[in-house]
Each structure stands twice: as C-alpha cells, then as structure tokens.
Amino acid sequence: MKAFFKTALAAATLLGLFAGSAQAAPAPKVRVALIVESTVDDKGWCQSMHDAILAVQKKMGAGAMEYSHSEKMKPVDAGSAARQYASKGFDIIICHGAQYKNLVDEMAGVFPNTTFAYGTSANIGAKNVFTYTPFSEETGYLNGIIAGMVTKTGKIGNVGPVDGGDAARYIRGFQLGVQAANPKAAIRLAFTGSFGDFVKAGELAQTQLKDGADVLTGAAQQAIGALRAVAAAPAGIWWVGQDTAQLSIPEGSRVLAASGYNYASVVENLIAKRAAGTKGGESLPMQFSNGGFHFEYNAKADAKVLTPAVKKAVDKAREDLKSGKLKLDWKAVKL
Amino acid sequence: MSAGLMIYNVLCLAVPFSVALLLAALGENFNQRAGVFNLGCDGIMCMGAFLGFMVPFSLKATPWAAYGNLLGIGAALAVGAAMGVVFALVTVTFRASQGIAGIGLQMLGWGLAGTLFRHFVGGVTGVEGMAAIAIPGLSKVPFLGGVLFNHNALTYTALLLVPACWFLLYKTPWGLKVRAVGTHPRAADTMGIHVDLIRYQALMLGGAMAGLAGAYLSLCQAKMFSDDLVAGRGFIAVALVYFGRWSPLGILGGALLFSIAQSFQLSMQVWGIKFPYEFAVMLPYVLVIVVLALARKARQLGPTDLGKPYNREMRF
Amino acid sequence: MNRNKILYSGAIILAVTLIAALLVALVLYSIGASPLATYKTILTGPLSDLFGVTEVLVRSVPLMLVALGIAISFRSGILNIGAEGQIQMGVIASTAMALAMPHAPKAILLPATMMAGALAGALWGGIAGWLKAKLQVNEILSTVMLNYIAAQVYTFMLRGPMLDPNELETGSGTPQSMRLPEMAFLDTLVPGTRIHMGLILALVAALLVWMLLWKTTLGYRMRTAGAGAKAARYAGIPVERYLIVAMLMAGGFAGLAGAVEVSGVHHRAIEGISSGYGFAGIVVALFGALHPGGIVPSAVFFGILLIGADMTQRSASVPANMVLVLQGVIILSIVSAQSFLRNPYAQERFFRWFGRFSSSARKAGKGAQS
Amino acid sequence: MTALEPISELKLEGITKRFPGVLACDGISLQVRRGEVLALVGENGAGKTTLMNIIMGLYRPDSGTIHVNGEEVHFHSPGDAYARGIGMVHQHFMLVPNMTVAENLALGLKELHHFMNLDIKGAAKRIREVSERYELPVNPDAYIWQLSVGEQQRVELVKTLCLGARLLILDEPTSALTPQETDDLIVRLQRMASELAIIFISHKLNEVKALSDRVSILRHGAVVFNGQTANHEPSELAALMTGHDVVLPRNEGSSIQGEPLLSVQNLCVRGDRGNLVLDGLSLELRAGEVLGMAGVSGNGQREFADALAGLRPVESGQILFGGKDLANRTPREIIHAGMGYVPEDRQTEGIVPSFSVKDNLILKDFAEPRFSKMAFLRKKEIDSNAEALKERFDIRCPSTSTATGSLSGGNIQKVILAREISRGPKALVAVYPTRGIDMGAQEFIHEQLLARRREGIGILLISEELEEVMNLSDRIAVIYKGKILKVLPAVEATRERLGILMAGLADPDTPGDAQAEVPAGVAHE
C-alpha cells in the first residue's frame, strides 16, 4: 500500500511539474472564470452574471479578456472546477452563489495569486477574496411599495424559495415596502423549499391566489413558475419581479415592474481592482447608490393600475435610497 | 376566511396537483398488474415533460402552432411508450433485476431530457400551454363546480381515465390477460397467452401514461420545462400504486389524499400558521411511508408475481 | 468449464460495454458533440495532471464508502436507494459532534466525529430496515421517501439550529454551519490538493467489509439471509434482524461518507454536500460486482468518469446532465449483462453456437461443449 | 373450435431437448390415436413432463418432429396446440387463484375476446355445457382460491375440454387426490376415453393398469419400452421403469421400544389466510421409531412442519420435546434442543442455492466453536468437515466449492441429510424427503433414515407417497383437516384402509370410530 502511494505521488508530482511548465507563459489578457449552480441561461440569478461578464468582455474587446464558465456545479464539483481554473492560471474566479462561500474560503490560501469572488455575502474574506452583496432589500422595498399601493384585496403573495441568501433580504425589504405604502395590507409569505421547483412555485402561487392575493412577487429562478400561474389567472392579478428578464417574456404583460442586478459594475470593479494590485479583502456592495441595480417599469402597463401616484412614490423611494436618505433595517423584520 | 372556504380552496387546488401523479400511477398500475415494477416512471415523466414542451415550443412560429399542444402530447405518449419498450427489453427479455433497472431508467430519462433541452433550447422559456376549460353549466354548480369542473382538458382526461382503466383491467380481454400474467404467468402461458408480449404491451401503455403525466407537468402545470421539473413525482406515483392496492379507484384516492396534503401544507404557510416550512414540505412524504406501513395487509390482493421475471424454460 | 465461463463472461462484458458506449455515442452525436473527443476527455482528461488525479481520488472516497454499504445491503437482500439521505444525516451529526467539543484533542474528536456521522446514517438507514422487517414496507419506496424527508431535515438544520452565527451577523444567511475545529479535520495527504486521509479510511473499510462478509459468522448470516431467506429461517437465522443490521451498516457507511466529506473536504456542513453520491454509489457497487475488491477500482473509475464528464462541459461543450445519461446507460447495461451471465440457458446456447463455430473453424471438435 | 379436422393421431419422432447439464429428452418417438389411452410411465426426472411441454409448445425441441393427423406441426405456444385440439392438465394446476373459474377459461378462449368486450357469460355457459356433458360439476362463478384441490382438478379438466382439446394430456392427475377421488377420476376418464385420445402420465402402476391401453416407459429421457398394458404385470413395468429390480429398504425392526421423545398436544396453528389449519392436533413420537404421517397434501402437513421448526406461530397447544415446550420458540432454540429437519422444498428451504456445498453443510452450525472462533469462520475446519461428509454421504459434486444449486435433486437432498444427521439430533422431521429424486438416491436416503432409527433417533416422516410411509414406518398417523384422525401400527395398515382414513371417513376396521369422536390423536394400541 505504501509503495503504491509513493509511486502515485511521484507520478503525480511529475505530472504537476509538467502542467506547471505548460502554463509558464501567462497571457497578457485577464482571464475570468464563472461557476454557477444552475445554467447560464436560466433567466435569473446565473444568467444575469453571465450576461454581465459577456457585456464587460464586449466592452473590453474579446482579445483583452478570456472567459470560461462551468454550469450545474454542486459544491464538490465547483471545488474541483475552481481548482482547475486556478491551476490553469485564471486570474479571477467568480463562484456565483452564497453556497460556494465555504469552498472559496478553503481554496483561497492554496492559490494566493488568484482572485476569488463570491456572493451574496457581505463578509470580508481573505486577502484574495472579494465578496459582493446585492442589497436586495432595496429592490424588495420598491416592489413592496408598488404591491402595497396596487392591491385591491389587501392581500399580497410572496413566493419564497427558501429563507436565505439574497432571497431573505428581498423578502424582508418587500415587507418594509408594503408596510410603508399600505400598513393594512397582509403579506402571504410561503416557501417552496427549493430554488428550482417551478411546479411547486406555481402551485404555491395558485394557493395564494385562491387565498385572495392579487399582487404577487417571488425570488430566484423558481419565481417564473409563480409568474406563469399569475399570467394564467383572471385579469386584475399582477406581479412585481426581481428580474428584468421577466418583462420581456409573454407573461411580462402581468409584470408591473421589475428590478435587476447590474453585475457588470461588479465585474468591472473586480478587474480594475486586481489590475491596481488589490487581489481581494473587500466586500463590494450592490445598491442603487452605486449602480448595482436596474429598475424598470413595464412600459405597456395599464396606467390605471400603475398610476402616476404609484410611480411617484416609487421614484421618490429610489432617489432616497440612492442618496442614502433612506436606510432599510431589513434585519429587524420578523417574518 | 371561513373554514368552509378554506377547505374549498384546498380542494380546488388539490385536483390539478393530483393529475400528474394520477396519470403516472394509473400507468404504473398496468406495469405492476402485469408483474413488472417500474421505478423508471420518474425518468419517463422527465422525457414526456420535455417532449410535451419541446414540440409546441418548436412549432411556435409555424402554421402548425395551433396543433402544438396536441402534437406535444402525442410525442410525450410516444416517447413514454418507447421508454416502456426499453424497460421491457431489459426486464422482460433480459430478465434483469427490476428495482435497479428502474433506477437506471430514471437516471437515463432525467439525464437525456436535461441534455437534449440544454442543446436544443437552452434556457428557461415558456410555452402557452393548455388553458382551463370551464364546463358550461357544471362549473357553476356551487362547491363542486370549482373543485371539479374548471380545469384543463388533461385534468378531465385523467379523471375519466380512472373508470376507463378500471374497465380495461376488469372488463376487457386484455385486462384479463394482464391480471393473469402478473399473478400466475405460467398459467397464462399454458392458456396460449404470450406472457412477454402482454408485459411489453403493459409497459408500453404504462410508459405512455407516464409520458402523458410528464406532458401535463410541462404543458399545464408549469407551462415550461426545466430538467428538475418532475422532481421525484414519479417515485411518489409508484408508491401510490401500492397505496391504492392496485385498483384505479384506490389510486385516485391516494393521489387526491397526497395532493390534498400538499395543497394543505402550502395553504397553511399562506395562512401564516407558524412552523418551519421544511416540515410542511416533508409532510406528504411522511404520509406515504405511514400509509405504506399501514397498507401491508393489502399485499396479497395485488399481483403476486410482481417483480419476478418469467422464464418459460425455467423448471419447477 | 472454468475457461469457458471466463470466455463467456468476457464476451458478454465486451458486447455490453460496446453497446453502452455506442448508445451514449449516439446521444453525443445527436447533440453535436464528437463522441470520440468526449470519450477521450472523460477517460484521459482527469489523469493528465496531479490535480486531476487527486480530485479523482477525492470523489472516489465517498463513492467507495457508500458503495461498500450498498454492497452489504444488497448482499443481505435489501435494496438501499436511500444513501443520499443517509449521507445528509451523517453530515449533520458529525458536524454537530465536532462543534460540540471544539477543544477536544484530535485523538478523541476525530473518531467521535466519524462515529457520530456513521451512527446517524445508520439510524436513518435502520428506519427503512425496520419498516421492511417489521411492517414489510417495500424498502425501495421507503428509502426514496426518506431521501426527501432527509433533504428537508437537512435544510432545516442548516438554516435553523446549526446556522453559523456569523452568517446572521453579516446578514449573508448562507445556509452553512460553523467551521469545524481543526482538530476534527482529516489530514491532507498531498499538500496543495484536496486528497485527504479519508482515502486510507475508505481502503481500510473495504478490507473490513470483505472480512466481515466472507470471514465472519455475522457476514455468513447476512449473506445467507440475502441469498436464501427461506433457508436462513429454517437454519435458525432470524432474517428480519439481519435486514435491519444490513440497513444499519449500509446507512452507517453512507453516514460515514458524509462525515468524511465534512471533515476531509468541506470542513463544515454546507448545502448540496451529498452531490448525488448516494445514487452514483449504487452504480459503483453494481459495477464492482458487490465485492470490495471490485468496488475500490470501480469507485476510482467513477471518480474519473465524474471529473471527466465535468471536463467535457468545458472542452467538448457537452451538457452537464450527460453524466446522468452515462450512469443510466451503465446501470441498464450492467443489470442486463448480469442476467446473461447468470442465465445457464443463454450460456449453454452461446457455447453450442460457439462450439459449432469453433469446430467448423478448426475441426477441434467440442472444445467448448464439455 | 377450429376449421381443422379433429385430431385423430399424434406422432412424435426423435424429440430431443437439452437443459443446461441435462439431456431431458433423448430422441423420443411416440404415437397416440383417438379412442386410445397411452400411459407414459417413468421415474421423476425421466423427462415425461418436459416431453409433454414440448407437445404443448411451451418448450421448443432441439430436434425432432411432431405430426398431427400426418401433417408436421410447429407449436410456438400452447395456443397453437389447443388450435389443433391438444390440451393438457398440468400437475401443478394452471389456474390464476384470484380470478373466477369463468375468467380462467375466458383467458384461453380467444373467440370470447372482442375488442373491448369480454364475454364472461359465454365462458360460463360453455363451462356449464361441458360440465353437464362429462358430469364434472363446476361452479363458473367461484374464485379458484375458494376451491379444494379436487375441485380445482375438475376445473382444470373442464377448462381443457372447453378449450376444445380432443387429445388430453394428464400429468400425474392423481398426485394430490385421495384414493377415493383417484378411483372416481379413473372412472370418468375411462368414460371419456372412447371419444378422446388421452396421454396419461403417472408412476402409479395400478392406475396405469386400470386406465391405459398401451404403455410407454421413459428412462433418462429415452423410451425404453412400448407395449400393450394388458400383457404386462405392474411388477414387470416397475422393473423396466427403474432399470433394475429395485427393492427399497423396508423397516423390518420390531416395533416401538423407546421413551416418548416428542409430544404434541392440542396444537392449533393458523394458515396463510388466517384460518385455523391445525385444529387441536396431538401426536407422540418415541425414540427409535419412524412415525409416518400420511394424508392428502393440504390437510395441515405444511403448517405442522412449520410450527415444529418454529417458523409459524402457535395459537395454542404444546410441543413438548425433551421435557421442554418448544411452541413459539425461535428456530434457533428448537435446533439447539436437538431437532433435525429435512424441509419440504429442498431448493429454497433446505439449502441456499448460490452457496457452495461446504457453506451449506454448516448452515446450522457455523456459529458453533467447531466452525468459528471469536466470530471468525474457521476455514480449515469447514473444508475438512465438507470433505468428510461428502465421502460419508456419497454426495456427488465436482468439489465442495461448487454451488449447491447446480447439483441434482438427489445430491441436494444428500447435502441436507448429511448436515442434519451429522449434527446428531435426537429427533428428525423429514418432509417429503424423496419427492422427485431418482431411485438410487431414494434408496440411499431410506437406508440412512432406517439406520438413524436403529441408533435410537425418533423420526417423523411426512409424506404423501403411501409406499414410502408403509415401507419405513413403525406407526402411521393419518392427518385430515388439521387433526390426527388415527394412529395405527404399520403392520395393520393397508392402502385401502389408509385411503379411507385420508378421505376423512370413519375407519371401517374400528366400528363406531367416526371422525368427530376421535379423541384427538394419541395412539391407541
């Protein structure tokens, strides 16, 4: 057994040397890798980062940036993919999901010259780790205002995936927004227990509709399932979204407004900081104040529903968030 | 909200929730009645869901668009039947261990649907799907109207399939053969019945129905496809067959009970009853185990040769 | 006769491998990937550098442990499909144990962590065993249901009682436990890689399982219960008890795999830690002929397959789900091949055909018939 | 039923069929005509059933031809055979238990199958017609599981006739019947023979003599004799059947000397369906005797054996063995008390087929210090034990590592006997110990049992072979409906007397001894 290990070790070391020499001459361009748990075209969390990187690549010119991504990565697979990227000399490895936090922590020490980034997280990590946090409570707050002002039944549905990550912030921000606009409105919050079970999200949305909710929202990719249930419901039922891509699909007619993450700013930030010599050790917040979010109304939305009054209230809140006048204490919200 | 309305709401939703389970379990019942335990039901549902979605999706902008859903359902039925044949080849002709082969088929169907979807479609995209058809007159009946008569065509089909399956199983020559083949295949063989052929047919029918169940998920429930759309519902369907004691009516009862539990746990969350939602989500699964444990006496009623490959040349 | 049997088995295995490879190639071709390039990447990619080799071994550790447990259960006549849930239970318990005694010395803490994981997995598996033995609940169905339940228990624990307090403070809310004390880590074998002492543990476990099954009276009892339940009852072996024992052990090994993953790789409980090892372990166990001597290489082979399939995503743009197709086809091929291998009729037909073939070829006569 | 002319002649030529390791049929040629009864005689394993399954199209012959009315036919399934008017009543009834008689018939009657409609009424009508015509009363609406063995036998006959069989193959039709039911059946068949052709398989030569016109004898898959039944005596046929003049060993010892060893008192046990199958059974076995238990199968023998082995819960009553009550004890405790056991189903109960011979030989003793040490198996001891027993019991196997399931029935039975006897039991329960095995092994096993008797072991022999019971026993207990109807010394037992008792009737030799009045068992001498 021992002999076997010695031989294996020797062989492995040789191979390692070989691999090392192959990457001796690094390319002048910046090499970015993305690791996601879903797919890069999931019309949600993963796609928004993917699209942002592509946009940055386009802006910088294809020659200045190399990009590779890995999909459907469970934590253990992500660990090996990330190590593979790191050992192949990638400069920035973005592990797009809070679930990757642990593997980045474990890996950062092993590859000190590589910059790692993951989010959602506000942690200050190791010297070569960036984190990024969408302050999703801000988008939740705006959507909450709309929901609170639009609802006629006074019941608002929220289709949660699980109570964690940016979904947790969004849910609480939404709560605050509704309370600010319409303190009497009741929020029907429930969870499917899964980020990806569209069918269950649809079932949950139907349950909320049956219960009398007339404005719904939801986070994560499963929300599409809920939006579909809304679209199939009789007129007068509306959706506020956490993803601008939802506006462009056929069901988008029911979407009053949607916010979206602007990861391009994060990616640009990462590249710039690394070029300037900062490999990590910072948390990059994403807020309205630093361009971390888009927010769009549905241009075709019925003006009787999305009244100027609603828009005015929302726009004011957005300005206040931008200027820092409005601070949201989302942690204080008890569900 | 009054308690009556609450019950009404739970029931209204339970019916559509139950359809996929009901279709798949009614199909699985034919498999098991013929003596074959098909755990691959889940994989077949994945493929059915994929094709049920894929066909209307790719016909969207063509003159065929109007028939998209119908053709999608046809494709789901066909792929289900084809996978039934694959399973029959492995378990009937090659006489492989059915439980493990089922896991293999499940992985194959799941993987194949995901792979093909990824290649031919890519990301999340919706289809129009099938709309609810309120049955004139009946849908206005208080209580029952909302619970039973305001659904899409596949839901009605599934409900009508319950008596149809009962009739097929107990009142037709083919049903007679299926029951004989699952209980005493050698006796059936000595009566000139081609045991393997009947098992192939039963697996094809069961597969087609599982495919239809998948299409229901993608066309009616979600109106979209993703590779974890089915999310283990096929396994529940298999359990429901035991639960329903191999009778279509029992299976209907089981599917409804499970769906009511599901609808109830969602409603409880929506009503704001506080307890960890994880426990609510696991409730239906716990229910299945409990019922399986209680239903053990029923085993003798079922196909006694379930799970055993038949080999004509095997001597006593 | 022996030579013939080997010949026959070889022919069947070769034929089945070819058919399976061909089927997968067909799928690959239909999605526009080059089958040859894909196979080449899968089989050689992971072994082309130190990193790949160690990652393969990292995967093979949990696969090996899970498959050993599954071999025990299958040999004892009970099909354990529930390793996935048992792993998760093992993760919870081992993490809790390690976090409960942060200052204990390694000699106590590490074994305690492993034991806790194994015990929790064993209990979870034991439920299915008990349901089968006492209430005749089909174990395939009950273990599948227990998987769903375990998944919910797992998320509940990670988001609730076991959530890292730091996550609440920073507000990230990532569902993960606190980091284990370093005294609870399995040491790394090769610095700079993830390969850890769990490998040695798994190899020792393989040896122990082999001894258990074929050298001890307990193993004899269990195999008897599995191979001939009726005869076992007549011989005074309480079959039901050994069904439970087998499920306890199978669950124990799966739970141990969970503990090893926590303490060797991730160093805390995180979401998605079981990674489908529970199902892949079934394939590994079958591929290894339910024998530890076969399971060890088979686990390494599947490690290669998993890593390789991952690599094809990047090098040959094959969707990640392809690995499921691969596993599905492998299972279906193995069970089909097994029925041919065990079927004396098919064997005899083969030899009659082969005998005719070889006698006409070289007039040697009945070389294959005897 | 078909447009084809009714069958008037069936001819087989050179039929050969090979199973793995066995040449089941070796160039068999036979012929049978309308109005004729051909008896096909041979030991178990001689290839009779295989040959009939070939005629029915269940098996495909490796070579040889079948001609019906002079025309060569190739049957791919029993359906083809029925279409030509050939039908078979199998030894193990081919009836689906959870369906009715009519449904069972409808299964094979293709003309009742309309696309979506099954004509069950038509099936019932057909059954009534046939059962009236041949005087075989059958209720078409009864479920099979509700019927007795004799009734099921009738259903099988009616079913086969309804399906249009004009050549009837009967595979050991009397094996599950009482002597009276057997006589009844023979009479019916004689009546039917005039308009049908019948192939009658049996190894009971008196039945062959009573029913058949011609007889063919099979041995090791080949026809060794053809002749007119009337011209040959049963003893002559027996010699031809076994190949040599086999004289099975007989119990010549003087009767009953020993102490009471096993005493069963008022045993009540439930069957698989929850009904009371043993209803107050009492019995006493003494050291140094063979107690034969005769009875038609299905009268509680199986449940009794299970209860003795500790595999079936006892409702009430006692099983006293060496002063200890073994009722509801575990099999382990019963084995330790010194009870040996040769189970009914040797393939699945007596051995683990996939285990080697040597592993099967330690099935009960692997945990004893002799074969294990500190929970580890002692390989050397196990090997030498196996070698020794292989010699002593003449177990014919390539090596003791061979999978036991691949051995012949006789050798498997020797493995079981070797294991049970070498353990040195005080009592031995042997259930159908020689069913379906060749004469040579049968002789060996009988000798072994008698030798153990001489050593003072008490042997309970449960069998449905009256010859075996009468040959070996000191006393014979007749079981009927879960009770011991009577125990009589073997010297007083005759076939007729046992037959009457097995049918549950009062014993003609004991006036006034009616069934209800039997004081539940215990020997009356």
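Each chain gets a letter, A, B, C and D, in the order it is written, and its residues are counted from 1.
FYI, a residue touches a chain if its C-beta (ideal position, glycine included) is under 8 Å from a C-beta of that chain, and two chains touch if they have at least 3 such contacts.
Computed from a prediction, not measured in an experiment: that's the story for all the values here.
Seen from the Cα centre of chain D, the chain whose own Cα centre is farthest off is A. In this assembly, the C-alpha centroid of chain C lies 45 Å from the C-alpha centroid of chain D.
If you average the CA atoms of chain A and of chain B, the two centres end up 35 Å from each other. Separation between the centroids of chain B and chain C, computed from CA atoms only, is 29 Å. Within chain D, contacts with two or more other chains are made by residues 19.
Multi-chain contact residues, meaning those touching two or more other chains, occur in chain C at positions 152, 155, 159, 319-321, 345. Multi-chain contact residues of chain B (touching two or more other chains): 118, 278, 281, 313.
Pairwise, the chains that touch each other are A-B, A-C, B-C, B-D, C-D. Considering their complex, residues 39, 43, 86, 90, 94-97, 99-101, 103-116, 118-120, 227, 232, 235, 238-239, 242, 276, 278-279, 281-282, 285-286, 288-289, 292-293, 296, 299, 309, 311, 313 of chain B touch chain C. Per the touch definition, chain C reaches chain A in the complex via residues 48-55, 58-59, 152, 155, 159, 166, 170-176, 179, 189-190, 192, 194, 203, 261, 265-268, 270-273, 275-276, 306-307, 310-311, 313-314, 319-321.
Listed in rising order, the residues of chain A touching chain C in the complex are 1, 5, 8-9, 11-13, 15-16, 18-19, 37, 68, 70-72, 74-77, 79-81, 83-84, 87, 98-99, 101-103, 105-106, 110, 120-123, 133, 162-165, 168-169, 193, 330-331.
Every residue of chain D that touches chain C in the complex is listed here, in rising order: 18-21, 309-311, 330-332, 334-335, 341, 343, 345, 348-355, 359, 363-364, 366-367, 372, 375-377. Residue ranges of chain C in contact with chain B, taken from their complex: 27, 30-32, 79, 81, 131, 135-138, 140-142, 144-146, 148-149, 152-153, 155-156, 159-160, 279, 282, 286, 318-332, 335-336, 338-340, 343, 345.
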